[in-house]
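I have a structure here, written as structure tokens, and I will follow up with some questions on it.
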């Protein structure tokens, strides 16, 4: 299953160390253009760290991350990576709480990011249309002039997704987008995600298996910083090793119960 | 609907500003020469406050080094005035220290235009240099603040220590004319006052534009979450450098005007204490609002000139108390009081009045949980 | 050779003073992230506490006992600064956790008030504290070089403070609670540690050490209300250079600044020496932005 089509993102032998502790060890990940990929695994498997590596927050001690088939982004700064077209949504909503919802979207909007450009930037009607369109897509049309800090948890998550979309990245990295959401909010986020995945390549780290099952897409399982299994949800669920790392404890419990 | 109300509000605000500007320009009709001179000095301070507000109020970076930028501007102007007063001869203090000829770095200050340009450029470049070596490496928050304070210490030590070149503790003084006009005459003072008002208004408009532009929004975003700004593709370091440099240049301009009104500049006027006092003006007036910062500077200095001579001890107690009050009770300054509105009211209350003090910890950013 | 030893000793002596002044900050700033600008004034309070102890001995104790006042002055300075630190924490600092810049401004205000208070009580002019006779003179080495006992005493005092702090932080129950709270406040609270009490104690101990520093400074010259301001910025630089969260960093930071200061001042002059030290610190931070000894964490910000 190697190298078919154009890989937009290719991580090779990525290793990350924190003071001697190897959070990721020789991980490989290949993302095709337009693909929606789920990254799952037990706690501490190194999923979030992988996203950190791709978006430049963490420098790997070894390995390379190639974007668009040519640029090695492990040497680039976060803002350069973001400008190349990789957007990241963090687990905890991180929006600019003292600015309005509209202003949040405005600065996230795809535009020249230099001081000169922002100094003389004027809002034209096209921009305004895009902003309003985005606002209604994330369901916050009536709250454009709200202070972002005053939104609910779910709304903040959507605002952040909206900000990412305004960036118009080619690759989106989402870290547990439905964590802490109500069922209704989760459903709505699912719809948003379907919408997003239509036009872009997306990597989603997720714990909620129910949520993952809603998407017929490839799943990558990580365990202890390594690639464990890659394939469709069915393949992954049928895999013994995956069952062991995920359900191992439960099996042992069963075992101990039966012997007791 | 809402739009008309906003434009209506805008008209009101614009009207108020116009009235304030007219009042400032016509102040010479009302005030005595002495009072006018005081007011001119306060307006120069208001200009620094505007610059400081850009970096602290809008970008969230506290500089305790603005006394230096202010002082460098002031020294540039004072050096020009001193050379004019010396009339081609060596300035007196240099002779006393045994210098035989004018040091090279004094030469450009013989020209008024060059002196003014340097009064802006030197503080700006110093700020750019410090900003470059700190923001680029993400040295920020309190670390940056401490470095600016160290900058103040070494600059004042240098100014005092290099007496032959800088006039030492006495500073640079003993001049009476600017471009041939007597600095002491009421007419010159009036013109200088008007110049100061014009500069203040110009800088106010500049700051207004900066903070209202998308550039200003990025600055506020940096204040809210520098790292997040990075992940949407901006390089915060460049923005921080630019605004710090602009802020320092504004302080330099204020310093030049200050010297013209006061007639002396010495290391004690730009040390640690004056630098942090500038921050207090902004804190009292209201960080994050331009008008608050400017008014804070004028009011605090007016209060100081009224009370500090009569009750020198009481004044220091008062000032100390103001720091505490401004931080604990008025996080948005006096300007914040006018933003009280219904449900927002609770926000301006001090932590203990809002509920348990411990709650704050988890809510605030800036290293909410001390690591390690 | 002799000159070298002398310079080395001078550097060591300056380092020890810096370290003593910065130790308290290493706790309040390093562990609690509170920028206590009134730290200098707590030092000043320690110095005046020593001055008062001396006066009490002069007035009420037989002259033969006078030399021993200094032994008592150390715990007295610690206790008074400790008490004031406790009051400060409970009355003000606890509302400012998580807001380092605000704590800087508020404590600066407190510092102003304390300075003015000292001026009102003791008068603006400096007062002299007579050091005990057993610290006069010095140790002669290599024939000519004289190492003053006072300076040696300060070095010893710093070492004693360091050992005491180490034992307290890493070997005592209270210290373990303190580290627990500073590392993970919520978790510690869940495990039944009173974080309020630990905060107050930690801050007070940092303040108490400032008091000891003030006591030591009386050995070096007359003291006045603005004594602390001479040292405060240098002390903060020590913490910035040394890195936050570990005592080793503070020790290295103080030694580095003290040594380089002596070296540069010897090469150039006092004012240029300071400039060079500052340039070196900024240059060093280019290489290690979070100081000599940095605690690495995985969390954002």
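Going by the order they are written in, the chains are A, B and C; count residues from 1 in each one.
Just so we're on the same page, a residue touches a chain if its C-beta (ideal position, glycine included) is under 8 Å from a C-beta of that chain, and two chains touch if they have at least 3 such contacts.
Bear in mind that the values here come from a model prediction, so they are computed numbers and not experimental data.
K.L.:
Tell me which chain's centre, taken as the mean of its C-alpha atoms, is farthest from subunit A.
P.N.:
Most distant chain from subunit A: C.
K.L.:
Out of every possible chain pairing, name the one holding the most C-beta contact pairs.
P.N.:
Here the largest contact count links B-C.
K.L.:
Taking the mean of all protein CA atoms as the centre, name the chain whose own CA mean is closest to it.
P.N.:
Smallest centre-to-centre distance to the global C-alpha mean: chain B.
K.L.:
So the centre of each chain is just the mean of its C-alpha atoms; given that, what is the distance between subunit B and subunit C in Å?
P.N.:
31
K.L.:
Which whole number of Å gives the spacing of the CA centres of subunit A and subunit C?
P.N.:
The mean C-alpha positions of subunit A and subunit C differ by 47 Å.
K.L.:
Express in whole angstrom the distance between the two chain centres, defined as the mean CA positions of subunit A and subunit B.
P.N.:
Roughly 43 Å separates the two chain centres.
K.L.:
Got the subunit C residues that touch at least 2 other chains?
P.N.:
Residues 300.
K.L.:
What are the residue numbers in subunit B that touch two or more other chains?
P.N.:
227
K.L.:
Could you tell me which residues belong to subunit A and also touch two or more other chains?
P.N.:
Expected reply: 57, 90, 94.
K.L.:
Can you list the residues on subunit B that touch subunit A in the complex?
P.N.:
210, 213-215, 217-218, 220-221, 223-225, 227-236, 238-239, 242
K.L.:
Where on subunit B is subunit C touching in the complex?
P.N.:
The contact residues of subunit B facing subunit C are 62, 130, 133-134, 137-139, 141-143, 145-147, 149-151, 153-154, 157-158, 160-162, 227, 272, 276, 279-280, 283, 313, 316-317, 319-324, 326-328, 331, 350-352, 357-358, 360-372.
K.L.:
Along subunit A, where are the residues that touch subunit B in the complex?
P.N.:
That would be residues 55, 57, 77-79, 82-83, 87-88, 90, 94-99, 103, 106-108, 113-115, 118-121, 163, 167 of subunit A.
K.L.:
Inside the complex, what are the residues of subunit C that reach subunit B?
P.N.:
Subunit C residues touching subunit B: 29, 31-33, 35, 92, 94-106, 108-113, 115-116, 119-120, 182-186, 195-196, 229, 233-234, 236-237, 240, 244-246, 269-272, 274-275, 278, 281-283, 285-286, 289, 295, 297, 299-301.
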